Structure formats: structure tokens, C-alpha cells
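Next come two complexes, and both contain chain A; in the first it sits with chain B, in the second with chain C.
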Partner chain A sequence: MTSARPGNGHRLRHFLTTDDLSGRAMIEILDTAESFISVGEREIKKVPLLRGKTIVNLFFEASTRTRTTFEIAGKRLSADIININTSVSATQKGESLLDTVRNLEAMHTDLFVIRHPASGAADLVARSVPSHVHVVNAGDGRHAHPTQGLLDMFTIRRYKGDFRRLTVAIVGDVLHSRVARSQIHALTALGAKEVRVVAPRSLLPAAVETLGVTAYTDMAQGLKDADVIIMLRLQFERMSGALIPSAREYFDLYGLTRERLTLAHPDAIVMHPGPMNRGLEIASEVADGPQSVILPQVTNGIAVRMAILARLAGASALESKTP
Partner chain B sequence: MADGAQTFMERRPVLIGIHTGGVWVAERLHERLDLEEPLGTLDISFYRDDFSQIGIHPQVKTSHLPISLDGRHIILVDDVLHTGRTIRAAMNEIFDFARPASIALAVLIVRDGRELPVQPDIIGATVALKPRQHIKLTGPNPLGIKILEKTE
Partner chain C sequence: MNIAILGGRVIDPAQNLDAVCSVFVQNGVIAGFGDPPSGFETDRTIEAHGLVVCPGLIDLRARLREPGLEHKGTIESEARAALAGGITRACCPPDTDPVIDTPVTAQWLIDRARQFGGAEILPIGALTRGLNGTHLADMHALRRAGCVGVGNAALPIKDTGVLRHALEYASGLGLLVFLTPEDPWLSGAGVVHEGRVSTRLGLAGIPESAETIEISRTLMLIEETGARAHFCGISTARGVALIAEAKRRGLAVSADTPVHQLYFTEDDVGIFDTNYRLRPPARTAADRDALREAVAEGVIDALCSDHLPHEVDAKERPFSDAEPGIAGLETLLPLTLRLAELSVLTLKDAVAAVTSRPATLLGLAAGTLATGRAADICIYDPEAEWTPTADSVRTRGCNSPFYGTPMRGQVVATIQGGRIAYERSKP
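Up next, the complex of A and B:
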């Protein structure tokens, strides 16, 4: 059972990937997130929607932003959140993923937020939990990171408006990036004018064009007139063998510097899902510069994750209305 | 309704309309009463008690309370008072923003079917409806009232 499509009249039970979400379903989530932005601006940053629900943040991989923003999102919705990290849990003693989940289920967990180094881990858990329990994928291996994908769409929409007019360049380690996969699916579903991936061939998946993107190995061509530039982190921990000659050479060819940024549209925004390798894929003066929206991405992550948690934990209001 | 609100005027009340119909009524009332304070609006979607049954509506409007409500006298405005659940949710939301001195309730139409002990202070009209009938405000320009027969 994968995440159903609310836009097609199904209830959204799990949130595992952006692949099977229609553009309309994504827009609905972005609209819901928009209304949650105001909650973060109040004196009392809390609404009672998920009061009495228990959410477990189950993280088998390091995370700062994702885990923290999920925790804040859940708390702003009045849910109880428990954080479990592998370094302190029984999985260190050899307990399997599903055994861990079953034990947490026995504690009446309503919703799992899962990050795992194996692709398909969240999907596996979603297929094993009873029907009243929901699963959110917070990153599985190289496969997907759908909440990051959606918060990036939310950020793009806030700064740039209509996707159909936008040229988006995704730059860097596309090969190892689950974020890039989720972004590409989301951008094509939302009808972006052009989605480019820019990287050395060694960091592009084979036949990447079949995802509906244009591949560039030349940075200058890839950035030309782009409205949105998304920089990706070089994921050394997932690299086996030498995919790039040296960090220095990589930065010379693919690092986003102030000079290179001038090739893009003058109003282009610069994004990065974090954590950043300053001086490796992005120059500090760009990361901290006026076109950077890297920190607003983090803030927006809270509202988007609130929207996803609220959509899962409550029945979908659209269920009966959509054809 | 404007006449009914006169007794509250010396307390310098703040008018707050509940989305969507209540805001339309509050806008008219705000104009008639010539209030100095700006109008506030509430969307109670995040406070509904039927969230677990019907879920969240994707297009929630933003609650907008332009001034501090601490110690203020509030007139809460809605179009139709039916079960009273909307009013309970609205009061919960107001208390997440501030601690007002008092809240009075103004509604354009009062009907039967209360499920909570909620009483209006300012009333436009009272109507008696059959159990299957629903009353709905249409608007914003012009404001109208429709009585719908539920067919099941």
C-alpha cells in the first residue's frame, strides 16, 4: 500500500514518495501549508488538531533539520512526539526494523516518521502497520525524501509563483540524492517549464533524461537564465570509488560562485537542502547572499510538515468531493 | 443588529467575524457601527471538533487579529447560530491569541438545534426550521439567505 492520491479521490494514508502524487494533490498540500505559516507567527504557536496523537520520529540516519522540523511541526499541532535515534536504540543490539516498529506500535503510536539508509524502508513499514497507523518517509536511501521535495516546491512558489514559467537547475550530486529525485518528480508534476540537472556525468544517474529533465555537464550552460538554482550536497558517505577528481577541481567546475550566479536570471533564487559543504558545492558569499533562500527553506519545512501530518492524521476533507 | 450592539459601544468593542459568512456580516456591522478598531477575522478550521471525522480542508483562510485582544471586549460575529460548536471552537482560538475581558456573541440568524450551552447576545432574526432544513448565507454582494432542504 503506497501513498494514495488525494487528488484522485483516495485518502492520503501514507506519505512515501512524490512519484504518485498528482500536481493537484501537491497544490492542495502547499495550500494547507500556507495556512499553517500564520500559526508560527502567533504568540501561542500551537493549534489543537493532533491533540492526543502520538508521533514517533524514528531515525536510523543522522539528521538535524528534518528531525527537528518534524518535531516542531508535530508539537505545533499539539501531538506528542518521541524521538528515537539508532545510536541509542535496540537496533544497535540487532533488532530488525519491523520488530522495532511493532514494539512502538504496541505503545499505541499513531504516526511514524522514518528515515533509513535503505531505499524502500518506509514503504516496508507502511505495508506492515495496521490501517489506523500512518507512515511518513523522511528519507530512504537514495530513493526519496518527499517532504523535502514539497517544502522546496513551497519555497519556490512563495518566491517565484507559477511553476509553468520557471526554469529550474538542480546542480551537483544527483546520483546519490533522494532529494533530487523527489524534486524532479514534483517539478514535472507541477508543470515547470524546464527542469535541468547539472553535474559531471559520473554524478548523474544513467538515463536521467527519462525522468523528464535536460542534462548539462557544463555549469555555465546549465545555469543560463535559470530562475531557480538548487544546489545539492556532495554525498561522500554514499560514494564508492573516486567519482570526482578532487574537491578543489569540483568546486572550480561546479561550485556556485558569485560570478557563476550572474549567468542565471538576475532574480534567481538559490536553494540548498542542507547540510551545506561551504567552499565545495557552494561559495559562502552565495550561501549567505541576497539571492539565497536556504534559511527560509528551513522555516517553510515546519509548515509543510504540519500540512502533511494534518492531512494524514485527519480524514481527507476532499475525499467525498473529488471525482 | 446594529441597534442591539449599541449597548456594547461604550466598552470600545473589537469586532471579530468567523469565516466565511460571519466575516460578511461583521463587515456590514463594522461599517454601521463606525468602529475605530479594525475588524478581526477567524478561521476555526484548526479548532474544529470534527477534524478526526472530516479532516482538514486544504484551503483554510488565515485568522487575522490586527490588534492585541488582551483585556478587550470582543463581539464575535457569525452568520447562523445552530449547534454552537463553531462558537466554542472560535472562543478556544481567541484564547490562544489573548485573554479578552469579555466576549459577546452576535449572529444574524438564530435557529434551533443547540448542542452546547451557547447563547447569543445580539440577534438579527430567529427562525424555526425543520430538522432536515439548513439555512445558508450567500454573499458577499449582495447578502442573501437560502433555506436548503437536505435530501437523503
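Up next, the complex of A and C:
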């Protein structure tokens, strides 16, 4: 099963999680992504690395940013991209996830980009596909969103440089967040000085400290001297029961306001994986303020996803010549 | 049929017996040890030199899947698989479809297993009608039809008032009540132990308190009502402590745990391995060790297979959509024996945990080789090594993390009611 996952020193076959991915392997992907940034700035935004390859974006959950940036990334690499948006409820009526995948595989798909509401869905698909087919996890339940994790690392590196000097505060609904898990694994592997999670205890996973983070329930302490602040979206659609009293109280305690931002390092950057709930987890003046790098995150997403797609499906071409 | 079982090592914990001697079976009962009873004419001889002869296993929990889920297993396939595992009697929880809440269904199950010559089925009747948690089932009628007790399977009785009345009523009838200690509000959508693995994999967790709170709630009611209660599937060290404390106070409680629970920890889930999607979930190493100790000390009275056979598709799903459980009938014996190899239990206590102890808590005159008792006998080769695979086992269940794992200790023959009901085919 480990063969389904990226391992240290092995060529990547699938991209399912940042857990178990070495810092060195991540740096290599980030470096490749750097080289793709210029492609987006050219007049002809295309390289032929994946010409003739078929990529299926198989999304069982709504997505705008992720699906679109994957589509653009694939197109800039000259791959053919098919988008399939479906809901789990529709497939539950008949076809199982694996049957859906097997059918698409029978159409000679080279690479699947999968988003699914159940944790582990991408791993399941990766275990079932033949050896020449690649799987990229575009978000599975609460488990992982590794391309988002890496594009965030890319953004942090561009603005802040060396990870080993950085204190990173991840604020909000960590319990339901696959993004937070992917960021935490990536940050610890890249040697960040301190990774903090800041949230009410009811929105933190039971054993969050075992991920190598420090947990704070006090926003002021959690933000103090942070170099990077990552705000997470409050995921009402995943919440069951009595996790927080109200949106208003949440913003009172954990909303990122201009005033609170002054607690962090003066040069701190503010990130958000989107979609944002303005006035719920982040004030508009901060989201649109000078320290915000939220839109560059989206732009960087294309280059990072190009790097990952190219390293999986176009690896041989990439090894012989760098674009 | 008169059967002479010659020269085996006879282990019968109920009689505190562990000796090499012959056993004689006549007219369906154990007729004697050592020398044949006078006038014994042998119809069949089983050479048991080097083999162990013990009582037929009594499994406290095995879902046969019929009626209702015949694509996962049938009484024919599963009751025969039980015999291949040395099991001569198996308790069947009431969550069949239809539910075992009428005497007709209970009787039908018993008769059907007999019809196929499988292990005897001991139905557990429903505690509430349709397991709905609100109306009591006809418990007396269910007992008369052959139910060994009543319970609500894995379905909760959320209303504590209803649970209290159910225990009161069962107590008046002297019926054993089977209880699954899981608070539904706390287990919620949980699929693994709440801890580092649930955190890492982003799976909803089942906290330890889901078990301890339900045990505590029920113990208060048991104390008030005087009901005889059996807790199914203890999985935590704190749960064990609560049971031990209740026993010290003299409450009429007993408990079991699936034998696989003594081997797994939360980490075995690995990377979403749905073979380890279990209910209760595998918990921490400390919990596993506490369970082992509890079995050795008798706080946990018995081990069971908690057999839950599935078709392949039920496990080839994202982890939280996969169905829980292990097909365990044929690995109950070797996994129990291995506890003796690991010095968790003496061999005699290991055998007791699947024979005399479940018989005692069920109030059955079984689980022993005492003269005059029904001849339910398991004969196994303690040295035989074999590897169960989905294709080689008798159960229809495709789901076991032990498939592909070498086992030591294999059933050679199972005798049920004086009849040779299973024999290992010659290699």
C-alpha cells in the first residue's frame, strides 16, 4: 500500500497526501513550480509536457478554485481535460465510486484528479487503478488536500523564505479541515520553527498535538509574533451539533481583525485557502489589506498543480529536459 | 453412533481436566473417559494422538446474515463455517431482517441450522419490538421459542426510561440481557478510535467515553432492577475497570470481547485499511493490554468471534462508507490458542474463554466433556499451521485482516450431539 503513496526517494506515482512526503521531495516540487510560473506570464501559455495525455477531473464535491486551477494547469501542459462534476448522492443510487472510476479508466484516462467527501477516497482509487494510471487527491473528506498544502508552502516560501525561521499560526476549524492537515504535515516536514493551531477546543481534533503542533484556544497568544497566519473557513456544512455557539461569538473570539493582526510579526502574511466567509473568520479590511496574499495563493496554485501533474504523468519528459 | 476418540490430550476446564486419555461417545452424549464403558461397541474410531480434545466452542456473537442479508452469508454457509471453526453453538443477535422479535423467527433460525446440519444456533431475542427502542418485545414468548436471552443488538435504547423498564421486565423473567455499550450521541458518525489515527486520517472518532458512559448508565439501572446483564464487546481499559468494579459490588454482570480486539490497536487502520473498520473500534495499545489482562483475570468472561461476514463490495469503499466487522468463525480457535502461546492466558483458561465460561453465563449445561452431557466436541491439531484465505474458508465472508496470515492450531473434527459434523479433509 505504501507504493500507492509518494515515498522518499521514489518517483511519484500518485499524489495523495503530504503525510510521509519528505521535505526534500516537497522542495523539488516547489522548484519545479517556480519554473512553471513564467509559463503563465508568457503570451502563449503552453508547454507540451502532457500532450496526448487525458486527465479526468472527477469532482464529487463542489469546487471552483481547485477544479478551475487544475483545468488550467492541465491545459497549459497541453493535456486533454475532461471535467466531471457529480454528487455522491447521485452515485449512491447506483454506481459505486470504484465502478465510476473503472468506467472512466476504460476510456484510457491517464490521470485522475479526484475530490470526494469521504476521507480516504483518493487512496482507495489509487489502490484500484492499473500501474500506468495516476491519481491526484484534490481533497478527500477531512483527510488531505495536498496540492493546496503545497501551493501554500510555495506562497510562504516566496514571501518569507526559509521555513526554519517561521512561526505559523493556523486559525479556525482544524477539526473539519483537510487543508490544515496537509499544511501541518508539510510545515513540519519542511522544518518550520513552530506550527500553531488556534481554535476553540471543540474545533480541534482530539489528539491534534500528535501532529506536531501547539494548540492555542486564545487567539491573542496564538497570533503573538507569528510570521504567517493561515485562516481556515468555518465549515458549517460539515458541522454537526453544538460545536460553536454562534457566528457572532466566533468572530468575537477568533475573527482576524486589523487590531488582532498587530499582535503578529509586523511583516506577517495573511493566507486563506478560500472560499472566504468575510466577517465570519476574517474581516474584509484584512482580507483585502496589504498583508494579505490570498489572491497570489490562487495564482500560485496553477504553477504548483502544473508541477505535480508534470511530475506524475510527464515525469520522463521532465527528467530529460527542464521546461 | 458410538465414537471412540483415542489417546488425545483432553482439556476440559469445567472439570479442571488436562490429561491424555480416550473419550467415548454413545447415544449423543459423553459416555466415559479412559477405558470404554462396558458393552461399548465402536462404530467409529478417531485416532487423536498428538491432538487436543476439548468441548465444542460456544460463540457468544455471530451474525449468520440470514434472514435479510443472504448475499453476505446464509445459515447454511455460516453454520457450517462455524463447525469448521470447532464451534458447536453460536448465539445470533436479533438484528436480522425480520428482527428476532417473534417466536416464529427464533424457531425458524434454530430449525434451519438443524436442517443443514450446522452448528446449533442460539438466538438472542429482541429486547424491544423491531429493535425500535421504545416498545418491549414479547420476551417470554421468545424464551419459550428457544432464545438464550434478549438484547437490542447494536441499536441503542436512547430513552433511559425504556431501558429501565426493559431491564425490570427481563429481570422478573430471569432473562439474560445482552447490551452493547455504545452511547449513540458520542459515537455519532465515528468509524475509528478517537485519537491520533482519527486525527491524522481525518476520520470521525469514537471516544472512549462512548463506551464508559453507556456502561455507567446501564450499571446504575442494573443495580436498581437486579437484571442479569451481559456487556458485548468491551474495548477500553476504563470499560474494563467499570465492569470489574460492578463485579466487586456483587452485580450480576458479565462481559465479552471479540478475540481480535486482543490483537489490534488503532494504528492497524494504517492508510484506510477497511479490513480494520470495526465496531467497537480497535483502540490504544494500553486498552488492548488491559483487555488481555481482564480476560486472564476473568473480568471479561468470554471471547467471541463477533462474526460479521461481508461481500467484497462492502469493504471496497472509502473507509467511512465501508461496513464494519470481521468474518471470524474460523479464526476464533487459533487466535484464542495464540493467547496461550503469548502467555496471556494458560491454555486451560484460553479454552475456558470459548467453552465453559460462555456456557456458564448463558446458563447452558454445555461447554464441558462431563459424562452424560451432550457430546459437543472439538478436536484440533495444536501444531498444524495453516493460512486462511478468502477462497479457502467456509464462510462467505470475504472480510478478515487475518486472511493471508499464518495460524497455528487447526480443527481436525467437530462432533455435535454425538455426530461427526465436520472433518478436515485429508491433505
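Quick note on the criterion: the second predicted complex is superposed on the first by the 300 of 323 C-alpha atoms of A that agree within 3 Å, B and C clash if a C-alpha of one lies under 4 Å from a C-alpha of the other, contacts with A are read in each partner's own complex, and residues count from 1 in each chain.
Keep in mind that, in the parts below, a residue touches a chain if its C-beta (ideal position, glycine included) is under 8 Å from a C-beta of that chain, and two chains touch if they have at least 3 such contacts.
None of these values were measured; they are calculated from a predicted model.
By the touch criterion defined above, A:Gly40 reaches neither chain B nor chain C.
Once chain A of one complex is fitted onto chain A of the other, the partner contacts of A:Gly212 are absent, as it touches neither chain B nor chain C. After overlaying the two complexes on the shared chain, residue contacts for A:Asp31 are found with chain B alone; chain C is out of touch.
The wider contact with chain A, measured as residues touched, comes from C rather than the other of chain B and chain C.
Legend: residue contacts after superposition of the two complexes on their common chain; A:Arg178 is shown touching chain C, with no touch to chain B.
Judged by the touch definition given at the top, the superposed model places A:Pro296 against neither chain B nor chain C. By the touch criterion defined above, A:Arg142 lies against chain C but remains apart from chain B after alignment on the C-alpha atoms of chain A.
In the three-chain superposition model, chain A touches chain B and chain C at no common residue.
On the chain A side of its complex with chain B, the touching residues are 28-29, 31-32, 35, 38-39, 42-44, 46-49, 310-311, 313-319. Those residues of chain A lying in contact with chain C across their complex are 1-2, 4-5, 19, 96-98, 116, 118-121, 123-124, 128, 140-144, 178, 181, 205-208, 210-211, 240-241.
For chain B in complex with chain A, the residues that touch the partner chain are 43, 45-47, 51-63, 92, 96-98. Listed in rising order, the residues of chain C touching chain A in the complex are 188-189, 194-196, 198-203, 205, 207, 270-273, 313, 316-321.
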